[in-house]
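Below is one structure, written out as C-alpha cells, with a few remarks after it.
A, B and C label the chains in the order they appear, each numbered from 1.
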C-alpha cells in the first residue's frame, strides 16, 4: 500500500494505491488522523489504484468520516473501482459515503 | 439473486486418502477431494456419514489415522505449530452451535481474532465488529452474552466471528440448519457474496437441499465415509447414482436403507 | 473392535489395559504441565504472553471468594485441635504446650492441606465444569481454529491464579487456625493471652511456615492441572461434564494427600 497526500487550498487529497489490509491499515489511519488533528475539514480519498480493501481499511475510513463530521468537515471518496464498490455494498457502507466519479468532481462538490 | 461463483483452476485445498477410526468404527474411509480457489464446495450426506469429521480434519482440529490434508500445498499435519497458526489465520470456521466463548460478550467474541492477532486500534476493531454484526443482521446485540441469545442468533454471531479477520477460507458446519427460511437465505447469499466479491473459498457441510443447490459451485456426496460423487449441481441432479438421487429427493426407498431388513434381522432383534 | 471388547473380559488383559491407560494419563498430565511452563516462560519472549485480565479474574475467583470458607474451616480446625491436644496434655500437666502444637501442626500440615482440599472441591470442580462445558459446545475447537492455544488462553491464567492464591489463602488459614487455638487456650485453658502469643512465636519457626507454603504451591499446581486436564478431555455432553467434574475432585484429593505424604517425608528426612 502506498499513500500520497497532497494539499490544494484547504482541501487534502489522499491517494491510496495497492492493498489495504490488516497490516497496512494502521499506517493509513495514522496519516489520516494527522490530517483531522490539524483540523483539515475537507478530505478526498482517491482510490483509483486501490486493488483491495479489507474490513480494517473500511473501518479506518469509517472512523475518519466520523471524526471529520465531528468537526463539521466533509470526506469524499473518488475514483472508487467497481470491485471496491462491490465490497462496500456488501457491508452496506456505500450509502454512508459521498462517492464521486473523479477527483475533479470531488473537489468541485465541496 | 443467487448467482454462482466462478472457479479457478488451482486446487487450494486437497484431501488425500483420509482415513479415520473412532473407537473401532471407520468414520472416514479413504476420502479424496480437491477444492479450488473461490469456489463454494458443498459436502452433503446423511447424518453421521462423517461430514463434520471431514471438515474438522481439513481445519486440522482432528488428526487423521492416515492420509493427508494439504492447504496451499502444505500438509497441515506435518507443519510446526507456528506455521499451522499462520494458515489458521487465513481460516474462519462457523461451528454448528456457533462455538462462541460463553464468558465473553458477543462483541468480545467477534473482536477476539482481531485483538489477538492484529495491531489494530481499539476504535477500528470496534467498527469492524459493528460492521460484521450488521452483516449478520444483529445490530445492537453486541453487549449480550451468548447465553442470552437464541440458537439461531448464536449461529449468526458465530458467522460474524468466523469472518471477522477477513479469512481466505471459510468453513461452515451446517450454517443454515435450524434457521428460519429468510435468515437461511441471507446466510446463503453471504456465502455466495464472499466467494464472488472477495474470492473466499468456502466449504459448506449441510444436508439442507435447498441451500445446497442455491450456493454450490460443486457438490461432493459423502456416504459411509466415502465420497461417492463429485460434480456441479447440474451434474449431481443428472446423476445416475441411485444413492445421490435418493438423497436429493429424500425418498425412503433406495440404497440408503431404512426399510429393507437384513437376513439377520431376527438375530439382531433378539441379541442381548 | 469386537476383539478388544472380548479382550477386556479377560482379567489379565483388562489389568494390562488399565495400566496402559494409567500411564497415558500420567503422560498427558505431565505434558500439560510442561505446556503450561512453556507458555509461562518461553511464550512471553515470543510476544505471546498469557492474558493479564484473565489472570486477575481467576485470582478473584480462586482467592477472594474462597476466603470466608477457608478461614471458617481452619478456625474450627484450630479449635478442635486445641481441645483434642489439651485433653491429652492435661494428663501430663503440660497444657501450655497446646500453643506450640496448634501453631506448628496448622502451619506445617493442616493449613495447607485443608485449604487445598477446600479449593480443590470449590475451584478445581468449577474449572473442570467450565472447561468441560466449553469442550462439549465446540468452544475449545473454535479457539484452536482461531490459532489461539487453549493452554495459553485458558489453563495458564488459572495456573497462575492458583499458584499465587492458594499459598495466600494458606496464610489466612494459618492465622485463623492459630486464632482458633488461641480462643480455646485463653478462654478454656486459662492461658494468659500475651503468654499464648509469646509461646506461639517461640515454638513457631520460619521453616514451619515456608514448608507449609511450599506444599500449598504444589497443591495449587495439582488442582489446576488435574482440573484443566479433566475439563479439556471431557467427552459426551452434559453428562460427561458431570462425570469429569467428579473425577477431577476425586483425583485432586488423592494426589494432594499423596503429594503431602511425599513432601512431608522429604522435609522430615532432610530435617527441614
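As a convention for this text, a residue touches a chain if its C-beta (ideal position, glycine included) is under 8 Å from a C-beta of that chain, and two chains touch if they have at least 3 such contacts.
A quick note: this is a predicted structure, and the numbers were derived from the prediction, not measured.
Colleague: Given which chains touch which, is the overall layout a line, a ring, a star, complete, or other?
Modeller: Graph shape, chains as nodes and touching pairs as edges: a line.
Colleague: Which chain would you call central, comparing Cα centres to the global Cα centre?
Modeller: Answer by centroid distance: B.
Colleague: How far is the middle of subunit A from the middle of subunit B, if each middle is the mean of its Cα atoms, in Å?
Modeller: 35
Colleague: What is the distance, in whole Å, between the centres of subunit A and subunit C, each centre taken as the mean of its C-alpha atoms?
Modeller: Centre separation, subunit A to subunit C: 57 Å.
Colleague: Which whole number of Å gives the spacing of the CA centres of subunit B and subunit C?
Modeller: Each chain's C-alpha centroid was found; their separation is 42 Å.
Colleague: When you check subunit C against every other chain, which residues touch at least two of them?
Modeller: none
Colleague: State the interface residues of subunit A toward subunit B in the complex, per the touch definition above.
Modeller: 22-23, 25-26, 29, 54-56, 58-60, 62-63, 83, 86-87, 90-93
Colleague: What part of subunit C is in contact with subunit B in the complex they form?
Modeller: Residues of subunit C touching subunit B: 1-2, 4, 130, 133-134, 137-139, 141-148.
Colleague: Within their complex, state which residues of subunit B touch subunit C.
Modeller: These residues of subunit B touch subunit C: 23-25, 56, 59-61, 84-86, 88-89, 91-93, 95-103, 112-113, 116-117, 158, 161.
Colleague: Which positions of subunit B touch subunit A when the two form their complex?
Modeller: Listed in rising order, the residues are 114, 118-121, 123-125, 127-128, 131-132, 134-135, 164-166, 193, 197-198.
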